[in-house]
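All chains are identified by letter, namely A, B, C and D, in their written order; residue positions are counted from 1 within each chain.
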Amino acid sequence: MIFEIVKSRGLSHKSYFIGSRGAAAVIDPRRDVDIYLDIAKRHDMNVEMVFETHRNEDYTVGSLELSKLVDAKIYHGAGLDFAYGNPAHEGDSFEFGSLQLEVLETPGHTPESISITVKDMDASEDVYMVFTGDALFAGEVGRCDIYGPEEVERMAGSLYDSINQKILPLGDGVIICPAHGSGSVCGAEIRDVDITTVGYEKKTNPLLQKTRRDFIEHKVAERFYIPPYFKRMELNNQRGVEILCRLPHLRALSTVELQGMDDGVQIVDVRDPESFAGGHIPGTLNIWSEGVPAFAGWFLNYHDPIVLVDYDGSRIESVERYLIRLGYDNIYGYLAGGFSSWFKSAGPVETIEPCSVHELRDKLEDPSIFLLDVRKEWEWEEEHIDGSHNIYIGILEEKLEDVPKDRSIILYCDTGYKAGIGASILKINGYINVTNVLGSIMAWKKAGYPTLGVEFHG
Amino acid sequence: MIFEIVKSRGLSHKSYFIGSRGAAAVIDPRRDVDIYLDIAKRHDMNVEMVFETHRNEDYTVGSLELSKLVDAKIYHGAGLDFAYGNPAHEGDSFEFGSLQLEVLETPGHTPESISITVKDMDASEDVYMVFTGDALFAGEVGRCDIYGPEEVERMAGSLYDSINQKILPLGDGVIICPAHGSGSVCGAEIRDVDITTVGYEKKTNPLLQKTRRDFIEHKVAERFYIPPYFKRMELNNQRGVEILCRLPHLRALSTVELQGMDDGVQIVDVRDPESFAGGHIPGTLNIWSEGVPAFAGWFLNYHDPIVLVDYDGSRIESVERYLIRLGYDNIYGYLAGGFSSWFKSAGPVETIEPCSVHELRDKLEDPSIFLLDVRKEWEWEEEHIDGSHNIYIGILEEKLEDVPKDRSIILYCDTGYKAGIGASILKINGYINVTNVLGSIMAWKKAGYPTLGVEFHG
Amino acid sequence: MIFEIVKSRGLSHKSYFIGSRGAAAVIDPRRDVDIYLDIAKRHDMNVEMVFETHRNEDYTVGSLELSKLVDAKIYHGAGLDFAYGNPAHEGDSFEFGSLQLEVLETPGHTPESISITVKDMDASEDVYMVFTGDALFAGEVGRCDIYGPEEVERMAGSLYDSINQKILPLGDGVIICPAHGSGSVCGAEIRDVDITTVGYEKKTNPLLQKTRRDFIEHKVAERFYIPPYFKRMELNNQRGVEILCRLPHLRALSTVELQGMDDGVQIVDVRDPESFAGGHIPGTLNIWSEGVPAFAGWFLNYHDPIVLVDYDGSRIESVERYLIRLGYDNIYGYLAGGFSSWFKSAGPVETIEPCSVHELRDKLEDPSIFLLDVRKEWEWEEEHIDGSHNIYIGILEEKLEDVPKDRSIILYCDTGYKAGIGASILKINGYINVTNVLGSIMAWKKAGYPTLGVEFHG
Amino acid sequence: MIFEIVKSRGLSHKSYFIGSRGAAAVIDPRRDVDIYLDIAKRHDMNVEMVFETHRNEDYTVGSLELSKLVDAKIYHGAGLDFAYGNPAHEGDSFEFGSLQLEVLETPGHTPESISITVKDMDASEDVYMVFTGDALFAGEVGRCDIYGPEEVERMAGSLYDSINQKILPLGDGVIICPAHGSGSVCGAEIRDVDITTVGYEKKTNPLLQKTRRDFIEHKVAERFYIPPYFKRMELNNQRGVEILCRLPHLRALSTVELQGMDDGVQIVDVRDPESFAGGHIPGTLNIWSEGVPAFAGWFLNYHDPIVLVDYDGSRIESVERYLIRLGYDNIYGYLAGGFSSWFKSAGPVETIEPCSVHELRDKLEDPSIFLLDVRKEWEWEEEHIDGSHNIYIGILEEKLEDVPKDRSIILYCDTGYKAGIGASILKINGYINVTNVLGSIMAWKKAGYPTLGVEFHG
């Protein structure tokens, strides 16, 4: 049996390649599908089937792309009307080589979610592993808020039943292969491991210790942001998107070319926040490269050309892949030679004042500062630096009226990266005195400085 | 947590890299250790510890090599007096990052065998996975014959207890990481999967369905060959071997240089048997490249220079690695340009008559042929082609008196590769009419031709 | 200045990437253009222009493919009516970065052939290098027979003038970058170097020592075969072909699938001749992998599906590229697992008797053999083994009536590879006793055995 | 013939691999020799000889390392007493394959400098190419100051003669392969091309247009800095250094480990200057990664441990190689996770004020600033910003008394990178107000702002 986990960083997305005796299936492929072709070639296998465990909302799935290139059949849950592929129902079974895959309907994250069990018939008729999609993760379960707050209770009940009546009964020894790992926006507290087992989750997953009532209550109380691009991903994944065939070749732009582009151009500086602080092109958005999968969808539109700015080009291809996975087909180019080619050409340069947590402590005395925490609302409630105001980074642009223009704005988040996004947004919007706390609350706490929680949460 | 499986083909050996927050351990490293350095570098980790689950007998372990390069500590079971490293006892515990590793003494395969459990303390104090070495495999258990036939019964009882009292009680949900996969000489019927679980093995592993008495009986009845190089590997792994530092650079030999070498030179043609049949250098041994890990140790000595012959050089590096893992430090070079440079230089060429299973059927009528099955004795007993004689390939050279020189020798094995080794050995020893059955008994059966079993086994 | 030579093996084709300050040109791109994209990306450059030195007849040029992916302009000689791109006339000049490229019309190989000079204006206004296409090679000049025998004299005169009036006057110190290297079908005796200079060629190129009259006489006397696919390449390159976008993904075929394919399927075994001799699928054509660029076009049609057989898959991608460069868009798949999967599945196997030159010498006495030399007619005339008949491999299928079916056919060529093609063709056509001389005339001579030349050539 | 150019960035060093029929020579190998082994393996070649064109002073040559691994003979000019290798005299000739290499004694850069001509005897007895070492570059000639100012006149005459009596007479068509390309410290104005020819240099190299007298005058007037490490390289290359065997594995250091290291540790931040400006570890030296080959030797000693700080680890291996080439064997480790892991761990952070050229213009009015140009003395004389003081970056530490502590120091250089080194040096030495002009004089001029030259130069 060939079994390979394909992890997509940033999205913390996991897809799987499973094959036996020349035939293979891919579960939840990403949109840049070259990696599956490479695995197939390495093992002399044909990808015959592509399974989607659910209609994804956080990225554009690569089923159509892969299917087109290798002539495979696509299957997804029967509970939704997809414009492509085939419906898979409870108990549907697919065989290739020594493997038998079988569909379990496991609604809850979405109504049409499915899990797929794997038996190795050479060894036994017992289930060996199960692909659980966004139903069950290591240490977590899927979100139930995708269909709106009014549906959470119903969906949570449904998810509880799926897990308890379908997945856990498979047996403690069954290996669980979820669709996301640690860091995904699709689950709050996913553990940082590749695989887990039913038995280990039953013992250690806090959600599985709850009664149905407590489980639902927990899910109803749970709070998530829904990035604006989720809607587009849902459409993409229900209707299908254009076939790319290959990663688009990006144009290497000179400073002069970049300066000559229309105002609409979306320039994204993918360097780290302290580098952006040390110098950047005025008016540009800063999203560090590994933050692109999770944050680009909050800020970039799907029509104006996107141009990337990097140190030296080494991050361009991975950022391009990240954007492609989010359905961006409007990536135009990148600044040739990186940021330094801008300043060598006498392009105007702006800076942001960075500050360490030790400097922050000294500045807190100063009444003219406005301390802005851009983490999630509930993270702030849990614990924050005294005196800070909270606006989540994703909605900062909508809430600018809450940020005073006449004060020194000091931003922080977990470690300084999201604060870097925020600092760039404030600068774009005309704020002059903007400071980013490098290390943010993580360093603040390591340094032993005090934090506050909001009473009713603490 | 970083968890990577490093598989060494041919040996079907599995080593593991496990790390957390900058520190890592490697379990049973192979001797060409560059891959662990690469993983460590990729994850910004230092390998702090190297564990050996037991003194390996089928390859030269890379603990010393790795330890030298990264300054790590080596641990192995306390039950044997190693010339390097540190003893690890039941209950010894090692922590790094969020991980806690703990030693279980699990004798049976060898007296000093240990297993190592892993807990992810961030998640819980429950065991998450266990490295079982050669105690428990997917679908199999370890050999108990390494210390001689008189010890098998005692060792088997010991192994039964280790598995049943130490490993299985860890819980069904625990992930099992064994030291070998399908195809290893260290276990007869290992299944072809990367990982398994306690629960899945309890359900499906035939050895775990047996009582202690039946288990021991099964192990006592079990038959294995002990290749002559096992003794050397045991010494290597107990005493330690020379540090390589890097893969030795091999000399690209011209036909003239090769022809000028001393008689002692060990020329190994690593091409496939039908290619060897179609033309080869007289007097050379044929071991197809992927067969080198399992068979080189039967035929090659450790002092005379080894020279490799390939198609085009593409298999040289992997064969070099295979030999290094077997402790061969006497690899001298390879024929530059591959076999074709030999015949282009007017070197003498010999051939072997290959034959298909369909041709074999026709030839069986011919009383002058001597049909030789070079599979294992018990494989022959289980099922063979009528009229065949059995000599295991590993001992063929010692048993040549049983192979008549005046008859046409037709060799077969499973698929024709080991028969290819055999054919080359016979040619070296002066046999003239030698035929290799391509596809051998696998194809024979696929073609629907009959086989025989020996009564008391069938 | 960035200057990279992209060599395509087999075709011995050379294309060039030349860039300066962010902009680049590609000269004579091959059809699988990923390599130019990679170079461009590595140097942060945009390919702005693609030049074709002439309408190629030996491969399908990648200008349209590349132009489509990077949005570059295509230029070719004005003397032919291309369905795409732009005409370039004598003296047309193109500038980017510090470079100035200028067109020289250098007809002779084809009427519309151009050369392109390069000046590095940062250094001086002197010509630094020149792309000579198929006009002038290292040690050779281009063929003049493409437009038919009646045109050779005129074309040769034209070529002489192009070289002597356009290229050589550029100055001895000018670097020459030709479109082909040693081994190309586009020039008989090209030397095995990457680049040369005007001065070195003037001293050492035998063609440049001749008077105009002698030069023309030499070219008129010169003999070349024109493979049938040349016509198609000419059409492809005049009209343009379909955009591939990426290397097509090939299907991994099982023995059963392959056996089930229609009779039309074109199975090509790309293994070396001695391997093919040692066992092959009945009815298949043998072209060793590196021979595919030069010989596939003689034997494969453009409509029936092509399936490749290899050792282990390692040669499949390069052969696929070779075929793509020849305009084959009908490559369907390859035998998964290589030839061994065929015989393991009990597929019928045929063999060919290989023989060494020493055995050949002994066999020559035998009056029943028919010794067939499949080299070029004029190679045979120059020197051959006594008693041999000559039919060029490319036309062997048309001349089968000259090969007696009732005799043992022994084939030879230079080294045994083309003889391997011939042996497979004879087997396909029902010949039973077919032998391939490994090493062929090269080994024959190295062994000190005698050859004959035909008087009037000798 | 196999001919490959191996370029080492930063040093702008070029070494060459040249081979024919299985044997090869390497000219001036760098110390990390894996690339030559790879080329040799790719072409089935043995490196039989290693040539050093001269005792290098700007890097540690890899002859001994390579020779040890492949068992090759080393040759260098007879005019110096090397502790290893063999002397090569004028006219000494070496043959392998079709190649004949011959030694020309071409003193001038150093007394024992040699050039090596290459003839391809298959083509002709004319010289095809010549390795000129540091005698003749594209557009330049070698330095003559290595043996001190009092020797320059003599050496320059010697170099003039070597070029005019040995190299140029080889003929215009001869290809020149020099030991350095554009950017090397071994020649002032080397052009940015890989190869050139005698003819092209005769036309375009300004040094070759001069009379002997003018040539010597030019060389005597020429000014160079001699970095302190040159002396060590000379010793290294005369005596030989320790064999590395492989690139040392670097330790991934946590913030805590780094903080715990002795004061002596040499921390080098290899990020770009604007990133360093945006935040860095107090007391660290900033040399951007690609500046390490040229500048590390000015600042780092050979005994205290060196630790590297990067963005994300992507530049660590290349910087390690750069340091190895400079003979640094005291590289200890790198900050795991890059600079961000420092601030996430609450390490103290300092910043430097960057400034654009536009801001600089505004600041020039301010009498409290001290504008410091850290380019070479003669570059400053040629052209500088009015009001600037000049101290070359290499000697800044020795000249700190010339930099007032009580003023705002604004540094510039060509583009801001060397000014970044300077800024870090000033910070280390207690300067508080330090500003780095991003883009420096290059951007200043692009922006149209005025510069001054010193009269007697202008």
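We take it that a contact is a pair of C-beta atoms (placed from the backbone, for glycine too) under 8 Å apart; a residue touches a chain by one contact, two chains touch by 3 or more.
Because the structure is predicted, anything quoted here is derived from the model rather than measured.
Visitor: Given the touch definition stated above, what is the smallest step count connecting chain A to chain D?
Guide: Graph distance in the chain contact network comes out at 1.
Visitor: Which pair wins on C-beta contacts, B-C or A-B?
Guide: B-C
Visitor: Between chain A and chain C, what is the gap in Å from one C-alpha centre to the other?
Guide: 49
Visitor: Could you give the separation in Å between the centres of chain A and chain B, each centre being the mean of its C-alpha atoms?
Guide: 42
Visitor: Going by the contact rule already set, what residues in chain D reach two or more other chains?
Guide: Answer for chain D, listing residues that touch two or more other chains: there are none.
Visitor: If we count contacts the way the header does, which residues on chain B are in touch with chain C in the complex?
Guide: Spelled out, the residues of chain B in touch with chain C are 271-279, 311, 314, 339-340, 343-346, 348-349, 351-359, 415-417, 438-439, 442-444, 446-447.
Visitor: Write out the stretch or stretches of chain D touching chain C in their complex.
Guide: Touch list, chain D to chain C: 1, 3, 120, 122-124, 126, 128, 138-139, 171-175, 191-195, 197-204.
Visitor: Given the complex with chain B, which residues does chain D contribute to the contact?
Guide: Contact set of chain D toward chain B: 22, 37, 40-41, 44-46, 69-71, 245-246, 249, 251-252, 254, 313, 317, 336-337.
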